[in-house]
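Note that the chains are named A, B and C in the order they appear, and that numbering of residues resets to 1 at the start of each chain.
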Amino acid sequence: MMEEKKLSDIRAMVKSHERPARTGRKLGEEVFFRSLMNIASVLIVGVMGIILLSIFYKGVSTFSWSMLLEDMGSGFYLNRGGGIKNAIIGSLYLSLSATLLALLVGLACALCMNVYLVRHRRILNAARFLLDLIWGVPSIIYGAFGFSLMVFFGIKTSLLAGIITVTLFILPIMIRAIDEVMKTVPAGLSESVLSMGSTRSELSYKVYLRQCFPGIVTAVLLAFGRAIGDAASVLYVTGESARTPTSLMDNVTTLPVAIYNQINSPHAATQDKAYASAFILTLVILAISLLSRYISKRYQKYRIY
Amino acid sequence: MNISSHRRTRDRVVTVLTYAAMVFVLLLPFALFVGLAVKSDLLFREHSLGDLLFSSVWRPSSGEFGFKPFIVGSVYVTLLAMLISCPICLLSAIHITQYAPTRVAKVVTTAIDILAGIPSVVYGVWGMVGVVPFVGKIAGWCGIQSNGYSILAGGIVLSIMVVPFILNILMEIYRTIPRELTEVSLSLGATRWETIRDVLNRKALPGILAAFGFGFARAFGETMAVLMVVGNVVKIPEGLFDPGYPLPALIANSFGELGSIPEIESALMFAALILLVVVLIFNATLRWLIIKAERY
Amino acid sequence: MESNMNQGKEGRNIERPFAEGESIIRVDGLNLHAGKTHILKNINVEIPKNKLTVILGPSGCGKTTLLKCMNRLTDLTPDIKVSGNIYIGEQPVFGSKTDIVALRRKMGLLSQRPFPLPMNIYNNIAYGLKLRGKYTRAELNELVEYYLRQVNLWDEVKDRLRSPAVRLSIGQQQRLCLARGLAVNPDIILADEPTSALDPVSSEAIEKQFAALSKDYTLVMVTHVLRQARRIADYVIFMYLGEVIEMRPAQEFFDDPREEQTKKYLAGAFN
């Protein structure tokens, strides 16, 4: 009985302290921070818009179709005419092969972690930890490392050296993206496939690849976008060339590096070509990102569950 | 056994190849470190680590390699970028995950995806066309002589580049906070804002700090865009409008000099090594902290 | 028997197995759509004051949604459409003029799993109080101690009030959450399967608390555990597929179910 009386006292005490739920100060604070938040978001969208608009504006006014059809030729940076066909083709060769290589190794890695290593929690965690570590390593370091590899193996600057370097650079990105998707495959699915008498490698190919197909495609496009847009990693290893490469051992100038060189040229006309080239590169990147959105939506239905 | 020998052989081959790929990738961080360390060995024959890191004299032709201006330049530009980027990212992350209607959230996340995709060089071009003249003008208003190529320009461009990176981590953090926590706080009589301020932000704090840390590491190694707007003068910057010369820019810019002095190759590899170590230490510490925080 | 079915003000059938005027929550023609799914279908029910009312039903019948409608936590979910209304006393829950923050202060919430605030034990209790008024240190200390005692947690935690609440066991956390809900002085306590994550011992402790609390508070508890409802309920609301099938005093409900679905449910057909 004592306690009950006390409860009503306590409740009366709390009640007497009660203040209105919404005071001016509280409301003001919320309004203030909410407007800051809106400003932040508007700023982000706005800056994105400004960047795209100015790249497009500058790019469209300097673009000509002949740029896509002609090689640079000698004296390109000295304003002797020429296009960026060799840079575009070179970039495509480089990033397509690097993406393909990284896909092969990356798939194997992701499958290894999700199919074979799942039984060894500690090793798996350690592996993921190491992958997380290299995931954030900036591309310039791969550039420097690729250069020292090149010197070590006695290879000259070439498309091949570029491919190897870029492959190393996009590998962690690729693996992480695929791993994220594969992690979501329910354990029950692989258990039931294994219990039907499949070997682990068959499990990998039949279940994981099919199940994760849209995710893998997205990962490939993500890695390809990184590969084609990066300049710092290939600055050291591909050399320079004014012609479209014809073999793996040819030197090659990639599109981002070409942009960098053009904008640093003292000639206004060459700088203009840099704007046009930047415009082309941005278009390619936007197309890739659109494609990956479309594909990840479209192929959602091929998932088994 | 009903597994045919053909299937078993195939299984074995595939297994071995899979493990080989795994081992190869896991060796990569060590290979990076060893490769760069071996290459920078030449530099250490005549200089001590302390000299290299804390001397401000950079005269490769007379064999003096002081990395201090580059390290300080890197730190300044990166800190500047973080100072601009972090509050904006935090506010926007809360806005998108807590307040914004689905449509608005979609617009902002699409913008972030686009920003994330734009290549570094394109940011650089935009920086040279848009940001550098702008900074030059501001310097003019402040009565300072500057062509705009400065650590401020570098910081601004860099801050935009790390927004998608930091914001994506932050949004993920706010989205993984269980909704029940919000429900509980609301039913205790808190307003939406009080809930965010007192409960969600507190819950997210370790994650927020980690996101900022990862952002710092990411910004620290960014090369091309910064290189194109930061001025690249070997001098410790003393003001926002002074040019700087960050480490990645040094590595990217000095390629032409590689043949001339044997030590410079070693010096560049050492610069890359510093970058690598900084990034690895950041990433390792933050990962470790996150694992700890999860347990707690 | 005629008191089981009363004509509501608008002529709707309101489930109210007790005299008019004793209710504190009145659900009036509530419909709730989430996207294209019709989750709550024309709910008309009244909940008596200072009694323990259990909302019973198989999972997915909308009982948790109904509970969350009572303090409008549905606001947190996009794409929800509500028609009809709920009245707490005389105040409507849904409506643009409603001060929902003030209304929520009348209700405490206990969720399925304990969700302690990311603060220490002391502040978990004090947080709600500090939001609502100015207290001196001594007053706060007194209140925190009182409410921790009320849920029999004081002796277990008095030496570590400043350590994070997440370090407590799940059972202790749930009692802390109950104390936290009580401390803000609600009239109503909403509980969403509060024992489903707990071990039998902690579960029993919470049940005992509830039985004791129903003298001073109106308790609305969602559960799908029949035996639990049987042990502690004063009244039972039985829901099935988004509809209220019947509301009866607990004794009657279990001994003499009226509707076909109820009989099936009690016989264990749905579980």
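Assume contacts are C-beta pairs under 8 Å (C-beta built on N, C-alpha and C of every residue); 3 or more make two chains touch, one makes a residue touch a chain.
Bear in mind the structure is a predicted one, so any value in this text is a computation, not a measurement.
Note on interfaces B-C and A-B: more C-beta pairs are in contact across A-B. The chain with its Cα centroid farthest from the Cα centroid of chain A is C. Distance between chain centres (mean CA atoms), chain B to chain C: 48 Å.
Centre to centre, using the average C-alpha position, chain A and chain B are separated by 14 Å.
Contact with two or more other chains is made by residues 101, 105, 132, 184 of chain C. Residues of chain B in contact with at least two other chains: 189, 191, 194. Contact with two or more other chains is made by residues 21-22 of chain A. Every residue of chain C that touches chain B in the complex is listed here, in rising order: 68, 71, 73, 76, 78, 101, 104-105, 107-109, 111-113, 115, 117-119, 127-128, 131-132, 164, 166, 177, 180-181, 184, 190. Residues 99, 101-102, 105, 129, 132-135, 139, 143, 146, 150, 183-185, 215-216 of chain C are the ones touching chain A in the complex.
Those residues of chain A whose C-beta lies close enough to touch chain B in the complex are 21-22, 26, 29-30, 33-34, 36-41, 43-45, 47-52, 54-55, 58, 104-105, 108-109, 111-113, 115-117, 127, 129-145, 148-149, 152, 168, 171-172, 175, 197, 199-202, 204, 225, 228-232, 235-236, 256-257, 259-260, 263, 274-275, 278, 281-282, 285-286, 288-289. By the touch criterion given at the top, residues 2-3, 7-8, 10-11, 14-15, 17-22, 24-26, 28-29, 31-32, 35-36, 38-39, 87-89, 91-92, 94-96, 99-100, 104, 107-108, 111-115, 117-126, 128-130, 160, 163, 167, 189, 191-194, 197, 214, 217-218, 220-224, 228, 248, 251-252, 255, 268-269, 271-272, 275-276, 279-280, 282-284, 287 of chain B touch chain A in their complex. By the touch criterion stated above, chain B contacts chain C in their complex at residues 101-102, 178-191, 194, 198-199, 202-203, 296.
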